[in-house]
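Common to both upcoming complexes is chain A, partnered first by chain B, then by chain C.
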Partner chain A sequence: MSLKQKLISIVGEQYVSDGLAEKYVYSFDMTENPPKRPAMVVMPESVQQLQQIVRIANKDRVPLVPFVTGQNIGGLTIPQVDDAVTVDLKRMNKIVEVDDEAMYAVVEPGVTFGHLRKYLDEHNPSLTYTYPLAPPYTSVLANALLQGLCDLSTMRGAMGDFINGLEAILPTGEIVRAGSAIMGDGNWFGRYPLPDLVGLFSGWQGMSGFVTKIAVQLWPKKQFTRHAALFTFGEVPTTELLKRIARAQLIDDADCMSLSIVKMLLGVSPPVQVYGGEPDYGTLLTLSGNIEKEADAKYELIETFVEDARKNESRQLLVDWDAISRMLGDQAKSWVDFPSDAFKVLTEYDGLTWVGTYIHPKHWGEALSGGRKIVEKYGFELMAYLKPMNSMHFGEFKFIIRFPKDDATVEKVRHCNEELLDFALSLKALPYKTPVWAAKKLQQNADPGFVELLKRIRKTLDPNGIMNPGRWGL
Partner chain B sequence: MLEQPKDFIGNILAILTSKPLARPDFKDIVAKWKMVVVLETDYYPVTIRFDKGMRVEHGDIPHPTLRVNAKLSTIIELVKGKTSPIRALLNGGLKVKGILRHPRATLRFYRLISSSLKR
Partner chain C sequence: MSPYESVIADWLHRCNRCGTCKYIFRDYGPSCPSGEQYRFESYFASGRISIARALTTGEIDWQESLLKPTFACTECGACQIQCMAPHREHIVEMIEELRSLVVDKLGPLPPHRAIAESISRKHNPYEATHHNREIVQQLNLPDKADTVLFLGCTSNYKETSVRDATLSVLKKAGINFTVVDEYCCGSPLLRTGQRAFARQAAEHNLEAFEKAGAERVITSCAGCYRTLSKDYKKLGFDLDIDLLHSVQLVNELLTEKKLKVTQQGSIGRVTYHDPCHLGRHMGVYEEPRQMLGVLPVEFVEMHPNEKNAWCCGAGGGVKSSFPELAQATAAIRLGHARAVNADILVSACPFCKRNLSDANQGQVAKVLDIVELVDLAT
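This part shows the complex of A and B:
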């Protein structure tokens, strides 16, 4: 029996394709990473079906690429080897459990931010999840595994920290669990005290097995949420002010972006240029309280921090949301709406990419000003995006490039991204959603023992190297 | 009526003025104006041209009909209703050059701004 026939016998004819159109669609993403076609696409509906697929692949040495919506902006679902089978997990879309008391949700790979938000609003309205700037149709599970950043990351860190536990199919076909649910269902409250095996899957870009369920932390919705906007000048003054606000734990979230992005949200048509005298950055601050006074008190404290900053630069400006709503009109709403529709402005062209990193706070401002110079040198729109992470234990920044995918522009994007990454690595920053080219550069700079350990773990879990081979440059 | 400006303050002005300018009667009135106002702020100046409509551009020009000076923070106070154009004029938060020479233009601009600030 051919591979295709075997897969059809598991999922049915409708859910296997080696047609040209499907192979093309799964061969690329929006980034500049080179496309490559899979040999076939298969769409299982259940853990049992997926387990059978993995067993066959392991026996027949078929490379498998896990895929949900391919919106990772890192080329992470583009096959790196010939004859790969893309395993699209969209049909596995059950919200398995929401625990109101221990505040977690257990979801399958195909559950999106939009699904989860709708479900919680209807069934558990006192709880919320954290939402990224990503489109609402992307996978909650994949985003958590990729350790992404969302609208609670300023307070609580990268999404990987929201994982309470998971269930996975190993490359050799066994189903395993990590976290407190090793004691059974209805018990996904956390990862400790145990050897932290979530780390065998988190950050691995699908190289260590298929995660079939993930438990993620939910949070009580605060009664009062306030927003404000901060307009600032200068990379170092901006990051210093954000550091001060984030360290004081006054805000749930800070979404700081080049003013060009704010202008894009306002509908300014491309290419969006920077005009002398415009603030460099616009930051959306979100703060909350159980009573109104708590939120107001936090806001007052932020006002004093901004007043201090104005002693050095009188144009640094904090604006409350009432004024912003009047100044920015309807667009003010879309600035605060999560999961957001900010992706509409990011997807102006067919190409979208970024070099994004997590970085030591001491290098944050320098990274931003150096990166800005590089982007300006290449003549792309200035689209920096940064976030204080985990109450300022670290910072995040990325330089977004939206571009038409003609050959010359793609080549220019590649050079610009390489330069941005080289600069970031020189400041010991770590790239996230790491494409292969970036992973290779990271390996050149990283402790060789770490790389060796990665290889050894992979060999142990996946002796036949079937899971997303080539990722991480391994 | 208003082409979308490319700069930040221009966009804010465009949004603020969009409400009164959406009223056909007022739009027709403004379409007849012929004057140039430079708004100087602590961020940067913008030039507002009234000539068969309204257009906002980044930058200054010599000899406008009116030259208005206000910090962005004052503009925000105005937007929030914490001060009024008259009060801001009296306490120096808002300065206008050309009032005496162009009283009609001043009144027109005042009319546009105060109806833009109305809640």
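This part shows the complex of A and C:
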């Protein structure tokens, strides 16, 4: 029996394709990472079907590439080897359980942020998850495994920290669990005290198995939420002010972006320029309280921090969201209602990329000003985006490039991103959602023992090397 | 020379497969019938746009396996409503251009070829004997009139009750109208990539309107309405005629009491299905709702509606070539009607009526056209 026939016998004819359209459409993503076509695409509906696929692949040594929506901005679902089978998991889309008391949701890979939001609004309105500044239909599970950043990350850190546990199919076909649900269903409250085996899957880009269920932490919705816009000048003054605000744990989240992104949100057509005298950055601050006074008190404290900052840079400005709303009406509301529609400024062209990194706070400002010079040298629109993470234990920054994917521009983007990454690595920053080319550069700079350990774990878990081979250059 | 500019070329580097078109924004219900049915990325708008781009740039070559993802789409336009990217208003045009490129290289799908052959021989897609003139004689209609009723093939040959209701309503309102020797408007050709023949149909119909001295043309078919209003212009014809869908005229007649409601008591609990070609494609949402407000019915909106309405599943050549998609899509829509406990599902397009009736397995008691409801009530 051919591989295709075997797969058809598991999922049915309708959900296996080796047609040119499917091979092509699954061969690329929006980034500059080089495309490569899978041999086939298969769409299982259940854990059992997926387990059978993995068993066959392990026996026949067929490379498998997990895919949910392919919007990771890292080329992470592009096959790296010949004859790979892309496993599109969007049909596995059940919200398995929401526990109101222990505040977690257990979801399958195909559940998107939009669908989780809808579910919570309908069934558990006192709880919220956290949402990225991404299109609403990307995978909650993949985002958590990729250790992304969402609208509670300034307070609570990267999405990997939100994982309470998971269920996975190992490359050899066994189904395993990590976290407190090893004790049974309805018990996904956390990862400790145990050997933390979530780490065998978190950050692995599908190289260690298929995660079939993930438990993620939910949070009580605060009664009062306020927003404000902060307009700032200078990279170091901006990051210093954000650090102070984040360390004081006054805000749930901060989305700091180059002013050009703010202008894009206001509808300015590309290429968007920034002019002398305009602020360099606009930051959306979100803060909340159980009572109005709590939110107001936090806001007042932020005002004093901004006042202090004005002693060195008198143009730093805090604007209450009411003023913004009066100017912009519904649009202002729409930006702050996550999953927000603000990502639309990133859909200008078929190409979208960034080098995104997590970095030590001490290097944050320097990283921003150095990166800015690189982007300006290449003549791309200046689209820096940064977020204080986990109450300022670390910072995030990236330079977004939206670009038409013609050959010449793609080449230019590659060079720019390489330069940005080299610079970030020189500051010991770590790239996230790491494309293969970036992982290779990281490995050249990283402790060799770490790389060796990665290889060894991978070999142990996946002796036949079937899971997303080539990722991370492994 | 083709009258069409290449929209694919104009928007070659736009869609980045952000997936926003897959669902209704902030409602999160599905929006794309094709993607919902087949699930591969290639069956959503972005997949088709990618295929169009790759064929244009030569990244892929022409293969039979491209046919299904290219044609298994109802061209409902729901993706255009959800997409927030600059090319959003042109997605259906891009899909149509892709289809015409594919037809040029690989030929049409067999059912679509049969439709084109029928139109060329019999001037309708249904292999029916061409017979508009009989209606003129039966109803004693004049040769010339300000108002021409364009019957449309589906109502004239398949859903004849829609035709008869429209004729009856116009008569009741005392409108001086006639019917011309119309040919298929060309919609089934344009939607299935067979653009070449559509021009002849347009030329014939416009000549017939002119001969009749028409100042306005009315049709009860949403597909014809879109084609006459939008596509003829794109084909390069300058129409100096008012084009109306019958809901626009009948709503006016009801408001001005030129049509009087005579029915006593409620006809039933009614919900309204926005035909894609009338709603999203032409922006007509209000008039049918105003009509239902006046008619003796208990009107209830189903969800999703208006610009986010779920397609009936018939359009874009799908009913003839992908019956499973047409059936599944209609079943979902019927489910929406059932969810609000409607007895009657009304639409404003005979093709919607046909597909929804075919798929109805008791979800609603009746599927009717809104004109039929008006005829019943007046």
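Rule of thumb we're sticking to: the second predicted complex is superposed on the first by the 471 of 474 C-alpha atoms of A that agree within 3 Å, B and C clash if a C-alpha of one lies under 4 Å from a C-alpha of the other, contacts with A are read in each partner's own complex, and residues count from 1 in each chain.
Basically, a residue touches a chain if its C-beta (ideal position, glycine included) is under 8 Å from a C-beta of that chain, and two chains touch if they have at least 3 such contacts.
Every value quoted in this text rests on a predicted model; they were computed, and no experiment measured them.
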- Query: So, does A:429 touch the first partner chain B, the second partner chain C, both, or neither?
  - Reply: neither
- Answer with first, second, both or neither: which of chain B and chain C does A:374 touch in the superposed model? neither
- Query: In the superposed arrangement, does A:230 touch chain B (first), chain C (second), both or neither?
  - Reply: neither
- chain B versus chain C, judged by how many residues of chain A each one touches: C
- Task: Go through the superposed model and pick first if A:317 touches only chain B, second if only chain C, both, or neither.
- Result: first
- Message: Is A:24 touching anything from chain B or chain C once the two structures are fitted on A? First, second, both or neither.
- Response: second
- Message: For A:278 in the superposed arrangement: first (chain B), second (chain C), both or neither?
- Response: first
- Message: So in the superposed three-chain picture, is A:10 touching just chain B, just chain C, both, or none of them (first/second/both/neither)?
- Response: neither
- Item | chain B and chain C footprints on chain A, overlapping residues | none
- Item | Residue numbers on chain A that touch chain B, as the complex places them | 231, 259, 262-263, 266-269, 272-273, 275-279, 314-315, 317, 319-320, 322-323, 326-329
- Task: State the interface residues of chain C toward chain A in the complex, per the touch definition above.
- Result: 12-20, 22-23, 25-28, 38-42, 47, 50-51, 53-54, 59-61, 63, 65-66, 68-70, 83-86
- Complex contact set, residues of chain A against chain C: 14-15, 17, 19-22, 24-26, 29-30, 41, 43, 69-71, 88, 90-91, 112, 114-115, 117-118, 135-138, 337, 341, 343-344, 346-352, 404-406
- Query: Which bits of chain B are touching chain A when the two form their complex?
  - Reply: 4-9, 11-12, 15-16, 18, 42-45, 58, 72-73, 76, 79-80
